[in-house]
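Dumping the structure here so I can ask a few things about it.
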């Protein structure tokens, strides 16, 4: 009665095609069209706009000997600038992590007057020219500025200190965190929170143990984006930084400084270090997320 | 713990989701809330749990008003329709959650938690899955983990919202039996929501039939099956054939067939609806002039002990709006074979028993 | 109609706006030809880099000679560009002055006053602006001119920069910090900025202090051979730059607070261009390029001011 | 019925189940608003004050300068070219990444993100390195008299680079979430690839797409660093608005600078308002859909006349 | 159009989703693919549609190999499990889609499209919903629209992936009958996937039972029910009790009861599994020394014409692994009442009929 269990030889000469693992091998084809076209175009455009120019950067820095390269990227001032740039970027991204979560939370969960305006304002840092942002922030925070005048008497100096750098970077990075967390928070299942509550969890426990883990990937992404963007930021920072070597000089300023002395290779060398760092970080974050998605993934 | 639901109402905007619902549930009972989609089952369950607030009315646990008791402190176990398992926690962590979030004073030690969780996992027969993540489980397994998690806090009341809704027919059948058994073991007062009448009838001690935000009937499975309080209940509890007729003097005439209906003894010449369950139809080969509804055998499904027949009334009468649609009948497979009927044959169907509702009955609910 | 692109430094836009219209009229009168002048303004060395990288400038008019040296190295302008026009090919000059708060509360008179403890000085970052480089060299030169050694000069400059709370990115930023943000007691900047500052913040908001000795900062010009060869605008470019040396050109420059080379014009504006002892970069540092190498390049004298252990 | 007091109490109670107490709620809102005010509203206000420092007349005068107009025009042109370019790329990349499985996908996604992490100054510089007179293709381009760097194409390129990931970033998660069921259905029904894209995919992603476009546009108009390097700063020709702001500022014309900046902020706000309006409409549409009864209306078929208690009465369908 | 499936195999990575599947489907047939979750039903259906490519083997439509025919040109109608309706199109536009995307040459006029769509909407009895969006429809309505959309292109083959999977028990029952009726009207070759045996048995002309990527049995509903080819089929098609015993000389001994099993006449003293359907168990009150399996009546569910009994074997024999678990029995409700049994009473259960598989049978699948 079983119709297909016969050990007869297969009618078509087929089988070993996909033994190698890839189910796409051989005659298999994709149902949705345009894979070749879109992937091809993506790679082409990516290569043209991003990879080709960036490889020029790499090659330019290779015009240095290894020793020159090392000197260029590890001079004490450059090292100090890394510390400031990465440190301030990290701090700013960290602040954005909390502030962004707070803003996203408030925007998603609560109703209050002016909510839409606040929502719209979140994207402002994307739109305002960075230099303008830098000038305005400096104007606000300087000793005689709207905010600075109240802080200065208490010995709190923000403008022209590393703290100013952090503030400018917070401004730049905020939308990244808010805009990645917001949709995830919107999608998060109310039932999970209800389940936690009915199991006796307090609101804080629910947030900490249930909500936070579920938005963690988005938070990390937002953090990474804000961080990556902050590392490269120049326009808004230099106005507020004070730019004191070893203290408040950011790495992009080092690059500009090298360019001012027509040291293209040295400038690209430092740029390459920054780029590599950012790239590795993005890669790690993406991999981390992929892993998280696979683990927690699937329909629940 | 007993539960009393007193005159609970709930609106969502303009929509009356629950209208003055009252219900008593005895300690240790297993009650099914049964009704069509959107009738307010989930809403009622959530109000009992404290996840939603009633607009009016109150919920009493063991005689005490719970209005001011936070969900957290109500000690209800709630099992959500889509499980709502914590995705980023292992099965073990999921079940342990309710214990871990206790205030330090009352929190069991790690060893106790471990023992308790494993005990619960054994109870739901999934001890070997402790280290998996929810995404690595099948639907039925997830369901049982959700239950174990709810039980971990030793709830006084267990509330289950369509616990088997998202499962395969086969798994669903297994789990419902398993739930019954579990309840018999633990005897915790339980309410479960379903829209599957078979499930409700099979599992529950009592069935609460809801429709449009109101309770239509409350009773044991047998009671609601045998004495449905309204046409809605009759129709909802199983397949049914509907015949239009006239009630007069304790009997109803449907297509020339007289059915006794003593409870309508004082009704005179009123429109009536006669509900006949498929297995209450008697089927005989057609004979000219025989009593019964003449029909053609459209399709016969004979697998297992029961033959399900679909009959098409021969002489669809335009004055009788009930006619013209298919009549369904169920007879023992053996009997069907004995009758020697083939598809296309003409038969006579006679209701053996009917539940009759006259005009005034329809108005009530 | 021929167009000519003048690639210039930051704060010269207003000057060249006026100069261009004068030149266009002059050119029309003398040759009967219409000409249109395009201007490009940004940081001086950024502009030099742009020209080297292909910006089609016919002429470059900078505020630091190193920028044109760089172009000469790249073969974009003639190697002997400095000889092609009079006065080292710098039709105008400027020098470094101090600006102090109104009434000069700290009593700042000369360089020595700037290194006193408690005095804060706003300077442009020599790494990123010519303004800052000249300020640095002026201070260094002041010590040397007074007979000091290099070591003494270095110490002096070190002290000066210890008093610097903010290294501005460019002249404008320094001014903003000093005037708008109220930072520092003195600002070291180009004489040519004074007039702009008066215009933006109103005259008399600050006092100008002329130190005893300062540096002569040349504003060199050159024809970009690469472009003019291609466009055939060599004559026009030359005419454009020549006209800078004319009386009219010098007069316009003076109006924009750039010291004219023409002594007559300079005299005429003696109230603006107070005479003070000026030294040239060549005199003390060989050339600006040399100074750049020794002082400002990575690992140079300036870096040592800020790196621990460096002196 | 148990009356008003229990009712209010009950409301309070049950709400507390899945939200915070009003105190915490208002505290959080207050914190968020304070943060937003400090970091976003005040800078905006500072721009406005600076722009109007010398009065409205000076403000208007500053905007009437021909250079300002040229800059505005160039900015709009740049955005008008670079946004569509990134739109096409974003859609193509999202299609490939979201609808198909292939090796190296995570890596590709990272590469798409990369421009976020490149310092804008470096972004400009790399184009100079490739296309500048001393760069790889510079001599060839000069020979053929093709101007890219220090001309509008270069500005567009730099802008494209800087805004590169915006649309793709917006679309990839959206399209991943939507899956490809509808596309498969369309193909089975005989639609070609293009028809599937235009008629099925595009309408489904249009909101996300629009949002991406608006963000991309905002950033494209506001970009300073990268454009600065490749622009050449030719007055009236290659100065975009942000560059013009810089020039004016350095010229000690802060009113002019902030006037143009305020215009940029205004442009940004306008796009944000458009975005908000669009979102609001979308939301309303969604709400309208959700408000409709999910189940069939009661008079489904005119079978059982007065007895229409429930659908189940209609005798076996 | 007839369909031949020839030795189709499919792997996903290391996982063999389909292993050498062959199947012939006659023109106009309605075939059900039945099997547990993950057995490869969807995969097979998608390969037939051309949505997935087989690693080996071929699909023939009306005798012609379709390997090189694109999905677009196969003229299959595919109904997706979750409908995959176009969200942004009205019901009308959804149904019209397949007509509108035709090349201009063969595209019907607007008027024709309109007529055709309305004809189809009438066919699925949802004409009045033409202007709604999918999100405004109930599950059952969506399902029918998906079907109408698939039918609009006049497919030669109709493929339905768990068409009723996501629906309520009640709606599902209605729709399956309706599908059968529709098929009888249109007679287009149809394959539908399900994991609900009741559905498969009721609707299909033939049922294909799949397990772990292979076909276990193909036959009419009655065939597969009455003569299951393997223990898997037996178990999958309905509730079943499993007894362990010894087969010897054409009979099997289970707990002292001798069951005839003529098909195993040549088996000597082999381990055997006896499958007994609940309605094949005879129940009598317990008498000392009576033949049959002694058990306690654990629970009796008596709603409707059938009484479902759960029995617990009294003397769970550790040597007999089949014992110890619950035995399920179904007897007519009337008979149950006549027996006068109450929960807790002891009864004797005797298999009336059993399907026996001896050791060697188990190995094959």
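Every chain is named by a letter (A, B, C, D and E) in the order it is written, and numbering of its residues begins at 1.
Keep in mind that, in the parts below, contacts are C-beta pairs under 8 Å (C-beta built on N, C-alpha and C of every residue); 3 or more make two chains touch, one makes a residue touch a chain.
No experiment lies behind these values; they were computed from the predicted model shown.
Student: Give me the chains shared as neighbours by chain C and chain D.
Tutor: A
Student: Quick check for the class: compute each chain's Cα centroid; which one is farthest from the centroid of chain E?
Tutor: When every chain centre is compared against chain E, the largest gap points to C.
Student: By count of C-beta pairs in contact, what is the leading chain pair?
Tutor: Max contact pairs: A-D.
Student: Roughly how big is the turn, in degrees to the nearest 5, that lines up chain B with chain E by CA atoms?
Tutor: 180
Student: Can you compute the centre-to-centre distance for chain B and chain D, using the mean CA position of each chain? Integer Å is fine.
Tutor: 49
Student: Quick one: report the Å distance separating chain B from chain E, using the average Cα coordinate of each chain.
Tutor: 24
Student: I'd like the Å distance between the centres of chain A and chain D, where a centre is the mean of that chain's Cα atoms.
Tutor: Result: the chain centres lie 16 Å from each other.
Student: Name the residues of chain A that each touch 2 or more other chains.
Tutor: Within chain A, residues 31, 135, 139, 194, 197, 256, 259 contact more than one other chain.
Student: Which parts of chain D, given as residue numbers and ranges, touch two or more other chains?
Tutor: 16-18, 135, 184, 187, 192, 246, 249, 294-295, 312, 316-317
Student: Touching two or more other chains, which residues of chain B qualify?
Tutor: 36-37, 50-51, 71-72, 236, 239, 310, 326, in rising order.
Student: Mind pulling up the chain C residues that touch chain A in the complex?
Tutor: Against chain A, chain C makes touches at 43, 45-46, 48-49, 70, 125, 127-128, 164-169, 173, 176-177, 180-183, 292, 296-299, 303, 305-308.
Student: Chain D touches which residues of chain A in the complex?
Tutor: 30-35, 37-39, 41-43, 45-46, 49-54, 56-57, 60, 99, 102-103, 105-107, 109-110, 112, 116, 118-133, 135-137, 139-140, 146-147, 167, 170-171, 174, 183, 190, 193-194, 197, 203, 225, 228-229, 231-235, 251-252, 255-256, 259, 264, 267-268, 271, 274-275, 278-279, 281-283, 286-287, 290
Student: Where on chain A is chain E touching in the complex?
Tutor: 1-5, 10-12, 14-15, 17-18, 21, 23, 26-29, 31
Student: In their complex, what parts of chain A are in touch with chain C?
Tutor: 72, 75-77, 135, 138-139, 142-145, 159-160, 238-239, 242-246, 253, 256-263, 266
Student: Going by the contact rule set out above, which residues of chain E touch chain A in the complex?
Tutor: 6-7, 9, 11-14, 20-23, 50-53, 55-58, 67, 71, 214-219, 227, 229-230, 364
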